[in-house]
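Order as written gives the chain letters A, B, C and D; numbering starts at 1 within each chain.
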Amino acid sequence: MIIVMSPAASAQSIDDVIGKIRAAGLSEHVSRGTERTIIGAVGDERSLQPSMFEMMPGVERALRVLKDYRIVSREVQPDNTVVHVRGLAIGGAAVQVIAGPCAVETAPQMQQAARLVREGGARLLRAGAFKPRTSPYSFQGLGVVGLDYLQEAARQQGLPVVSELMDIRLLDTFLEYDIDVIEIGARNMQNTDLLKEVGRINKPVILKRGLSATVSEWLMAAEYIAIGGNHNIIFCERGVRSFDPAARNTLDVTAIPLLKRETHLPVIVDPSHAGGKAWLVPALSCAALAAGADGLMLEVHPDPAQAWCDGDQALDGAAFGSLMAQLRPLAQVLGRSLA
Amino acid sequence: MIIVMSPAASAQSIDDVIGKIRAAGLSEHVSRGTERTIIGAVGDERSLQPSMFEMMPGVERALRVLKDYRIVSREVQPDNTVVHVRGLAIGGAAVQVIAGPCAVETAPQMQQAARLVREGGARLLRAGAFKPRTSPYSFQGLGVVGLDYLQEAARQQGLPVVSELMDIRLLDTFLEYDIDVIEIGARNMQNTDLLKEVGRINKPVILKRGLSATVSEWLMAAEYIAIGGNHNIIFCERGVRSFDPAARNTLDVTAIPLLKRETHLPVIVDPSHAGGKAWLVPALSCAALAAGADGLMLEVHPDPAQAWCDGDQALDGAAFGSLMAQLRPLAQVLGRSLA
Amino acid sequence: MIIVMSPAASAQSIDDVIGKIRAAGLSEHVSRGTERTIIGAVGDERSLQPSMFEMMPGVERALRVLKDYRIVSREVQPDNTVVHVRGLAIGGAAVQVIAGPCAVETAPQMQQAARLVREGGARLLRAGAFKPRTSPYSFQGLGVVGLDYLQEAARQQGLPVVSELMDIRLLDTFLEYDIDVIEIGARNMQNTDLLKEVGRINKPVILKRGLSATVSEWLMAAEYIAIGGNHNIIFCERGVRSFDPAARNTLDVTAIPLLKRETHLPVIVDPSHAGGKAWLVPALSCAALAAGADGLMLEVHPDPAQAWCDGDQALDGAAFGSLMAQLRPLAQVLGRSLA
Amino acid sequence: MIIVMSPAASAQSIDDVIGKIRAAGLSEHVSRGTERTIIGAVGDERSLQPSMFEMMPGVERALRVLKDYRIVSREVQPDNTVVHVRGLAIGGAAVQVIAGPCAVETAPQMQQAARLVREGGARLLRAGAFKPRTSPYSFQGLGVVGLDYLQEAARQQGLPVVSELMDIRLLDTFLEYDIDVIEIGARNMQNTDLLKEVGRINKPVILKRGLSATVSEWLMAAEYIAIGGNHNIIFCERGVRSFDPAARNTLDVTAIPLLKRETHLPVIVDPSHAGGKAWLVPALSCAALAAGADGLMLEVHPDPAQAWCDGDQALDGAAFGSLMAQLRPLAQVLGRSLA
C-alpha cells in the first residue's frame, strides 16, 4: 500500500498513518518529496484496504501495490493450467468448441442438437435446463427434466456436458446428474455463496464474466472458487455492456491477452451471447481465436426459427459446419489445432 | 410488436411473418410504405420476442410496443403504493431515513450505532450480517450471530431492521430473526431464484439496482418478486458503473423521476455506496431528495476510522446529525416531512 | 511519480529507472519491500509520463502523484472564483439561470423567447446560431444572421447573451457581435485549438463536459483555456453517456461536489440536454441546485411543439415560470438566492 | 416513423398526430390494436424527428424506421468501395498496413522510422505533426515543420503519408504539403465544420471513431464528409471508452462486421491506441484481421523508450517485423493478402 499525503498534511497526520500501518503488522517507509510526503506500507498488504487510510486526516490517496488474487495469479503459477474434462484438455494446444442450444426444449430437439454438435466437430455439448431471463414472463427452462434430456442426448453421442447452475440448492442435483462442467452465468459472477459452493466440488467450472465486471473483479470471483480447493476454472468472455445499442453486447477481445498475462487458467469466448445475432458469430469467433482464446462456446440449434429462446443468435447445422470449416485452418495458422 | 421488413423483402417473407403472428394467436396489420412494409402484431405480444422475427428472411427489425412488466407498472395501478414497516410508511408524505453501519461488527458497536441512528432521527436501522465483497480475503460478515446483535440493538432503540439476504438458503433464518425488511443487493438484482423466493413471503423487500442494470431490467426484476404475490417492494438507487474513476459509482438521479413515472412503488437512494466517500454524502443526499426520492439509506458508524468495511463512506454521529439537520428544511420546502 | 517494480525486477532494471528519473531532473527515493521495490520520483513530475516508465523492463506500474492541472486547481487558489458577466455574478451567493431556445429560428421567435426568459426571472439569454447536429440532414442553425436576431432580442430585454462557438474561424464574428459568454459544446470539449483561442480573449467561457469525459479530462480542458490567460471559465455538466437508453443522458450530479473540491471555478448544470425530455427538467434542476450547482442552463421556447430542434426538451413559458417558482424557495433553503 | 400512442390517447390526440404527418408531406397509416393505436408515417421520414411527436399529448414513443445516412449506406451502393492512395488500394483483397511513430520528433527519427516501416512491409507512413493531448503541458507536436520532416522521410522511402488534421485553418497547409491521407482523430469525429471542409477536397480521409461514439453516429459523421462530394472515406476503429481500467480502451471488434454490413466503405483498425500497450498489439492486430478489417494502423518507433509521446504503445523495428511475419499467413488463411 502506498499512502500519498496531501501537501498540507501535519506531522501528526503522518504519525497516525504510520501508527495504523504498524498496528496492522506491517512496517512503513517514508519518502518526503518537495510537494508531498509518501508513505509505503511494507509487508503483506492484503489485510489493508485503501479506504482505511483515505478517510484519515491529511491523506490524499491510498493505492494498493499487490493484487488481491493469488491462487489464480500467474505470479504464483507461471505455467498454463490445463483443465481436463473426461479426457478432453481445455487450455492445451487444441482449441475446444463447446456447442449446443441455448435451452433444452424436448428430448428429440436435444438429440438432434447433440448429433449436429458432434458431427460438426465440437467436443462438448451445452444446453440450459435452468435459464436466467430478464422477464419472468419468458421461458425459464424445463428444470430437472431438462438435465435428463441433456444427459441422454450427450451419452448417445459420447459428449461431456456443460450446463448452467443458478440456484445453489440444485448443486446436488447437478452432481447426481453428473453434469461434467458447471457453468456460472454472467448474472451470478458475484453470487459469492454460489462461488464458494462450486469451489468445494471437483468438477470444472466455467465462470462467465459479469455484464460489467472489470477483469480484476472477474479474477477475484475466480479466487472465491479457487480458495475452496477447486482450481479447475475456465474463464468465459461473453461481451460486456456498452453505450452502443448496435449489438447486444461488446465482445471484449482485449480481455483475452489481459487474462493470459494475469492468470494461468484457460480462457474461452462465447460469441453468440456477445453479438446476439447469428450472422455476427463467425467474425467474432475468428477474432476470439486470433486473440488467443483456448476455446469457443457456441449456440447451435437444429431449427433456430423454432427455438424457445435466443433463436436469433443460434447457428443451424449448416452454418455451424461452415464455421467449423473456417476455424480449422485459422487455428492451424495460429499454432493450435481444432478437432 | 412491430416488424419492419427490409426494402428487398419478398412477398413470401411477408407471408411468413404473418403466419408466425397468427400462429402465436395474434392478428396482423400490414402497412405498405414507399420504401418498406411494416407489419403490426395486434393482441397480447408478451408471448412474442423480437428475436423470433429478426431471424426471419426479409425482416430488418422487430420492436416491442408493450412493456414487459405489468404488476409493478403505473399503468395497472395509477396510485402510489405505500409500503408499511411496523407502522412506518415508506412512499407517503414523510421521507424515511434508514441508517446504520455497513456491517455488524460487535454487540457494543451495534448498540452505539443504533443509538446514534435513533437520536439522529432515522426510523429504521440497517446493518449487514452477510457481506458481498469483491475479494474473498475481505471481511465477509459475522453471519447469523450478526443478526442477533442487530436485532438486540434495534429492539433497545425501538427500531425496525433492514438487512441484506444473499444466500437463498438463509431466508428461513431471516424470517426466524424477524428481519423487518429484506434487502436484495446490487450483485443479486438478477438472481432470479432469490427474487422468486422473496416474492413468496410477506416482508417488504428493498431491491437495489444492479451495477449496470437499465431501469427497464430493474423493473423486470421487481416484477419477478411481485409475480409471487409480494407487492411490498422498494426500489433503491445506489449508483451505476461508469467510465469515470472519479467516484466509486455515478448516482443516477434521473432514475428517480423515470421510476416514479413507470411504477407506483416507492424509490429510495443510497448515497453512501453511490459516492463511496463520506464527504460526498450530504450533496448526494440533498440531490436525491430534490429529485423526488421517498427516502435515504445512509451508512452511519460510531467510529468510521475503525470500521471493518467501507469506513470511508460512513458518517460518524456528528456528521449524521448535521446532515439530518440539513435535510429537514429541505424536505419541507419540497412538500414532504422528515422525522 | 511512483514506480512499482515487478517482483522479478533485476538490479539493472532498478538502476535504469533511477537513471531515467535523474535524467529528467528529479531525484529518486527507493523503498525495498518484502515483495517489490518501489521507487518515488521526487521533484516536479509534470515532465514525466507514467508510460515512460511502464515500458521499461522490470516495471509493473507507474502512478502519477500530482495532478495535471494547476491554474484551475483549488490547491493553487483556495477561494471561489466569481465570473462576472455585464454586472452579473456567476459563482457567488446568487444562483443564476440562463435560459432560451435551443436554436435561433426567426426574429419574432427570439423576441418572444427573450421576453419569456426575462419575465420568468432568468438573467441571461441563450440560443444557438450554429448547431452541432448528429445528422447532416438536420437543421444546422441560421448562421451569422442568428447572432443578429439573438442580440436584438436580448437588448430589447436588457439581457446578456450566451451562444455556442463551434468553428474557430468564427471567433472574430462572435466578438464583433459582442456575444457576452462563449459556450464550448460537449463535442468540442477536447478541440484543443478552439480551447487555446478562447483562452486568449477576455470573454467568459462556458465549458460543457464532453459526452464521456472524465472529471479529470474536463479539468485539463479548462486548463487549456486558462493557460492562455482567460480564467473566466464556467463548467457546465450536461449529462454523460451511459448504457441505459431510458434517458438521453445520465445527469452526473456527483460531478458537482467533485468539481467544487478540485477547482475554484463556478459549476452550472444543463438539465435539458441531460434528461432530453421537458418533463424531466424540474426534478433534475432541483437535484442540481441541491447538489451545489451555481446555476442552470435551461431550454425555453415560446412554442416547443413548433421548435426547429430538440422541442421535446424545451419548457414553454408556463412550465418555465412554474419551475422558477419551485426553485426560488429551494435556493433559499440551500442558503442561496435566485432572482 | 412509427408513432405509438398511449393506451389513454384521445381521438383528438390521434388526429393531431395525423395532422402533423400530413403537414410534413407524408401520409399516415393507422393501426388500432387491442391496447394501443399505432400510426405509421409513410413517405420520406428524414424531415421528421421522433421528438416532434414524442412531445405531443397521447404519444408514448416515436421510432424512426429509415436510417439517417444514405450516401455511405450499403443500401445505396451494394458493392465495396475501394479507396485509392497513390496506386495503393484500401478495401480490396490486400490488407494494408499503415505504420509510423505517434509524433514527428526530428528529421533523423522520421527517417529511421520510415525505413523501418518500409522494410517491415507497411505501405503507408503515418506520423503526427499536430498532437491532440489531454494535458496542455504535454508535447503538442512540432507543427508545420513536422509535415516537412514527414514528407521528406516518406519520399526517401517512396511511401504515401497519413497525418492528423485538427485545426480547420491548417487544411490548406496539409494540401500544400501534399499529405496523401488526412486523418480525423477521435476527439474531432463530431467536429462538423472540420468534417464539412474535408468533404470538399479530393484526398482520402481516415475517420477515427469518437471515444464513445455509437456505430450509427460514426456513420452519420462519415455522411457529413460524403455530402460534400468526397466519398474516399476510411473508417478506423480505435477502441471505445469502457468502465474497465484494465486497458486504455476497449477494442470493439464487433464494429467491424457491423460496419461491413451497413456501409460499402473500408474499415481499418488502430490496435495501438486501443490497447495502449505494445505487448497487446499483436493479439489485437490478429483479432482485427480475423474480424474482417481491411487494414491496420500501427505505431512503430525506432526507439520507443525515447519516444516523445505514447512510447509504451509503440513497437520497435524488431517487434514490428515479427508482427508482420505473424500477420502474413493469417491474412492468407482469411482469403486476403499482405505485402
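One rule holds for everything that comes next: contacts are C-beta pairs under 8 Å (C-beta built on N, C-alpha and C of every residue); 3 or more make two chains touch, one makes a residue touch a chain.
As the structure is a computational prediction, the values presented were derived from the model and not from experiment.
Of all chains, the one whose Cα centroid sits at the greatest distance from that of subunit B is D.
Superposition of subunit C on subunit D using C-alpha atoms only gives a rotation of 180 degrees, nearest 5. Each chain gets a centre from the mean of its Cα atoms; for subunit A and subunit B, those two points are 26 Å apart. Chain centres here are Cα averages; for subunit A and subunit D they lie 31 Å apart. Residue positions of subunit D touching 2 or more other chains, listed in rising order: 212, 241-243, 245. Residues of subunit B that touch subunit D in their complex: 2, 4, 7, 29, 31, 33-36, 38, 40, 42-44, 63, 65-66, 75, 212, 241-243, 245. Residues 46, 49, 51-52, 54-56, 68-69, 132-138, 140, 166-169, 187-188, 190-193, 211-212, 217, 220, 223-224, 227, 241, 277-278, 304-305, 309-313 of subunit B are the ones touching subunit A in the complex. Every residue of subunit C that touches subunit B in the complex is listed here, in rising order: 212, 214-216, 240, 242-247, 250-258, 261, 274-275, 279-280, 283-284, 286-292, 329-330, 332-334.
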